[in-house]
Amino acid sequence: MIEFILGKYNYWIYIILMMIGFYAMIAKNNLVKKIIGMNIFQTAVFLFYISIGDVKGGTAPIVWEGMEKVIYVNPVPHVLILTAIVVAVSTTAVTLAVVIRIYEEFGTIEEDRILEALED
Amino acid sequence: MEIVSIKPLLAILVSLVGSGLIIASSRNPNLREGWTILISLAKFAIVASMVPTVLSGNKMVYTLIELFPGIEIKFRADAFGVFFAVTASFLWIITSLYSIGYMRSLNEHSQTRYFAAFAIALSATIGIAFAANLVTLFMFYELLTLVTFPLVTHKDTPEARQAGRKYLAYLLGTSIAFQLFAIVLTYTFAGTLEFSEGGILRGAAPPLVLTLIYFLFIAGFAKAAIMPLHSWLPTAMIAPTPVSALLHAVAVVKAGVFSILRIIFYIYGVDLMSSLNLGILTAYFVSFTIIVASLFALTQDNLKLRLAYSTISQLSYVILGAALLTTSGMIGGIMHIAVHAFSKITLFFCAGSIYVASHKTNISELSGIGKKMPLTMLAFTVGSLSMVGVPPVAGFISKWYLLLGSAEAHNMLLIIVLLSSSLLNAAYFFPIVCKAFFEEPAETFDGEEIKEAPLFVVIPLILTAIGSIILFFYPQPFLRIAYVVVQNVIGG
Amino acid sequence: MKLLPIFVVIIMGAALIYGTIDMPNFGDPNAPANLHVAPRYIEKSLEETGVPNMVTAVLASYRGYDTLGETTVIFTAGASVGLLLRRKKWTR
Amino acid sequence: MITEHFPILLIVVPLTSALSTPLIGTLNKKYCWYTAIFSISLSLFMSLYILNAVMHTGRISYWLGNWEPPYGIEYAIDYLNSYVLVIVTFIALAVTIYSKWSVEKELPEKTVLFYTVYLLLITGLLGITITGDIFNLYVFLEITSLSAYTLVAIGKKRNALVASYNYAILGTISATFILIAIGYLYMVTGTLNMADLSTKLPPLYDSKVVLTALAFFMAGFSIKVALFPLHVWLPDAYTHAPSVVSAILAATSTKVAAYAMIRVMFTVFSPEFIIVRVNITHILSWIAAFAIIVGSVLAIAQVDIKKMLAYSSVAQIGYIMLGIGLSTKLSVTGGILHILNHALMKATLFLVAGAVIYKTGIRNIEEYRGLRREMPLTMLAFTIAALSMIGVPGTVGFVSKWYLLLGALHEGKWVFALVLILSSLLMLVYFWRVIENIYFPKMHVAVAMDGGDKKKELPYTMLVPILILALLCIALGILAFIPLKIVGMISQMLVG
């Protein structure tokens, strides 16, 4: 059991982080807080990816002279996550731009107020 | 024997193409009406030319296209289809003449739309007559509903809109809900949808399921106006009279009963019908409609509404005859398609003629009108006699066969139904005739003298009245085709 | 705290944790992820691409089209922000 | 030969034109439209070529950068995605031709960037469809999503912004779910190539990781296809987006998402796994049935034409999913065919709705009264598409409904057949309401005021695409064997 917990703790941390982000995304009233939640949510996934590729005692996957015999960590998750980070940043940019427009239009970024404004 | 021939397709296409010509010549009414007449003649000629072929026991088939694997748009002109097609296309010629008179003397709007839709409606009707399988039938059935919608709502008033809504809800709604369902079920069990003389469903599914499918079909063809799915027909009477005449006494409603007969004869087959006891069940079921619709007719003061309820009642005669599953019964049922068509169209023409001449729609206002419009009311009398089944008018023929069929089936109850409905028919038609000829015109007749309607209106109704009488003395063309149909159905 | 979001979040968390039961341990060098495609990059990328940094090699060469996609995402974001914000006055 | 490179050119052509649109636009913003038309026509041509090639020689595999899979990214084209590619490019071309005046009017100062983002949307959709690498799919998914959020947000009313925001939040959740699922699969297989995954996965079918991955894929794609009850973003987004955007999103973006879902279910995982082992298709078919009913019922309640069409989309997506969920050959044929059919019908309907807004500003169904006299051809197109939605025989809607019904009954699943029938009736109700309004004249006041009816038909660039689409609704309903030829192969491939 102990071994089980020790072996998987990294995943659980990412899951908890993810739940926090996810909760903020769907439950918060403030549009910017939702975006913050979204960022936490996505970052949790990055952590997960990176931990897939980790190898105990591994080193960064860069070939140095005289280091042919070392163990490298798996480079693929790093590559994927570089892309995913960019995607996350872009999503944040677009959603923030939308929030700016919402603020210009409604004068607020509280969801309930906006819905009220739409009702009228 | 099956002969591959393009004639069935041509018969359908001629008025479809014709509608294009009608629309194209919308600015020139005379040319437009010329097209209508020409097309109707051409259509009848094509259909009539098929009669010898089917009388010799052959049928013409033509496959247009394979819609999807195993299911084709296919036509077959067999005796039954030709029977219906001849009736409808012949009466279209007369109705076209009548329409011209009627629409012009009332100065109706949107006449191009009217004539074009009429032409397409006839295409759809012939399509139903010549459909070789259920999908083709379904296709033309829906087309007929859709294309008659602008005719029913011709007045463009809120009432017409309401009526159209009901029309569509009943016809399109039931066909999607029940007919399509039944068709898919049939295909699932039988693996084919082709009409065939012995039926295709025998042994395909448990009896209970087959019975269920059967009733889905009956409910799906609401055009046959079997109660309780009848109430669209009186509502549709808001349409101009020629529409009521041809479509709601001949083409649309007969398409409904024709389809049901197709189901009984060619999907279920006589054997299966009797082994499931569906025939007798249907007979009782429609008996209810025959009697109750007649009772409703008694209470109507609006002439067209009374005719509509009478139609509902008479349509069920056809199904009753087929459901008897005896030779005479079936002949009677099939004959009644033509006989009722000729007589009822006469009656509707008369109603229209009265409207054109006097703008009267209610029976109570018709006192003494027979003296002003003798020809019209004479024709009306002929039609009424036919409805009741009095010789020497054609109605007698089909009723005779129906009675004979009931007797063959040893069913006293159905004989009583037929006889009492004849009495009811008499009870709601003869008062009109009496009123028209023997009562004095009411005081309230305004100064303007009522004259006979224009010739274009009167001639067609005289023609159909004479037709009703000729059919009594010389029913052979129709009777022979009906015999061929019944022989095939029973022999197959 | 809102109940429905809590519920949804817990469902999601539970599903994810359920998935971890069969996962390889953290840092396991014999995890399947480290055995299939990755070794080839580790062994051959220098030789095949001439880039000592394997992440760069994969990013720019083996999976170069992902990176093209990635830049396209940035471009999309840029164009989007421009489309949304570059405007004198919004008509209400 | 250049034809070998069509798979990548198919993506690169719209992509480069998207990149160059801002430059071209600085010369003259009218050129943007021509650029878009030109590049999408090229893509259409290439996708047709590819379809033809696939029909003759089978699966095409294109190695990007010449790295063999699973080490590099592979574009893998089989019957299924070549079919979807043609649908997407064709609809995109029709909508783009139409877009000229509509965009001019609705977004006069944003034309250039509009076309940039619009082309990126198309690029993304094509990328999702063509790729054989699951992570690459995610990247394209995000390109599509980002551009879709933006395009929704630039709608005229301020509701569009809120719709776009909600769409973005849900869309990101969905994309992240998919990303998690991809990670889970990568973790246990070490590969990202779909074909490679499908060979590596079968021994792992008992693994809880794989099960979780499947669950997250399904949840993620369900949001993207707007499968009930995760459809909440769709009605508002489609309602408030600019007309052109509503049309392209409704006709292609949910279809592509549905494609991706099918791709993952049937080729990354296997029919055996999803149908027999976890039986997720069974759940899917029930959800789809609910989607059909709820979508149709909600559509009846709408007064805004675009919102009505949007809810109708929810129902129609249910059709596609029902076909997949029943997972018999017949029903899958129906579902896959409905991807094409619904694209045609919904594109027509949304384009007509947009055209009416363009000409008259009318969105309310009640105000459609008498439009027949003003825009007869446009309204004819609407009628045809609406009848097709109802499923009148002789139209495309009938063909797919027929197969779905047949598929349901063949399995003895009467409930689903009843659902299909019921939904047809509901559709009859809400579409007929519109048709009735179109064909009945306005109250007499208006007629008297005008003295005569003035025709206000559309400019040709708007009218022609609408008419072609409407015509196809009939043509492919009668010549159904043409799409069925390829669809039959697809369903053979998926569940045969």
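In this document, chain identifiers A, B, C and D correspond to the written order of the chains, with residue numbering beginning at 1 in each.
We adopt the following convention: a residue touches a chain if its C-beta (ideal position, glycine included) is under 8 Å from a C-beta of that chain, and two chains touch if they have at least 3 such contacts.
Computed from a prediction, not measured in an experiment: that's the story for all the values here.
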Report summary line: One chain's C-alpha mean falls closest to the whole-protein C-alpha mean, and that chain is D
Query raised in the report: Hey, which pair has more contacts between C-betas, A-D or C-D?
Result: C-D
Query - chain A and chain D, separation of their C-alpha mean positions in angstrom - result: 29
Query raised in the report: Between chain C and chain D, what's the gap in Å when you average each chain's C-alpha atoms?
Result: 26
Report task. Using mean C-alpha positions as chain centres, tell me how far chain B is from chain D in Å, no decimals. Result -> 44
Query - Chain centre separation in whole Å, for chain C relative to chain B (CA means) - result: 69
Requested in this report: Mark out which residues of chain A touch at least two other chains, giving numbers and ranges.
Outcome: 22, 26, 52, 76-77, 80, 83, 87, 90-91, 94, 98, 101, 105
Query - Sequence positions of chain D contacting 2 or more other chains - result: 135, 139, 142, 146, 149-150, 153, 158, 180, 186-187, 192
Query raised in the report: Among line, ring, star, complete and other, which one matches the pattern of chain touches?
Result: other
Query raised in the report: Residues of chain D touching chain A in their complex?
Result: 135, 138-139, 142, 145-146, 149-150, 153, 158-159, 161-162, 164-165, 168-169, 172-173, 175-176, 179-180, 183, 186-187, 192
Report summary line: In their shared complex, chain A is touched by residues of chain C numbered 1-2, 5-6, 8-10, 12-13, 16-17, 20, 23, 25-29, 31, 33-34, 37-38, 41-42, 45-46, 52-55, 57-59, 63, 66-67, 69-70, 73-74, 76-77, 80-81, 84-85, 90, 92
Query - Touch list for chain D against partner chain B, complex - result: 387, 390-394, 399, 402-403, 405-406, 409-410, 417, 421-422, 424-425, 428, 432, 436, 439-441, 478-481, 484, 488
Query raised in the report: In their complex, what parts of chain B are in touch with chain D?
Result: 65-69, 73, 135, 138-139, 142-143, 146, 150, 153, 156, 161, 164-165, 168-169, 172-173, 176-177, 180-181, 184-185, 187-188
Report summary line: The chain A residues in contact with chain D across the complex are 22, 25-26, 31, 34, 38, 41-42, 45, 48-49, 52, 76-77, 80, 83-84, 87, 90-91, 94-95, 98-99, 101-102, 105-106, 114-115, 118
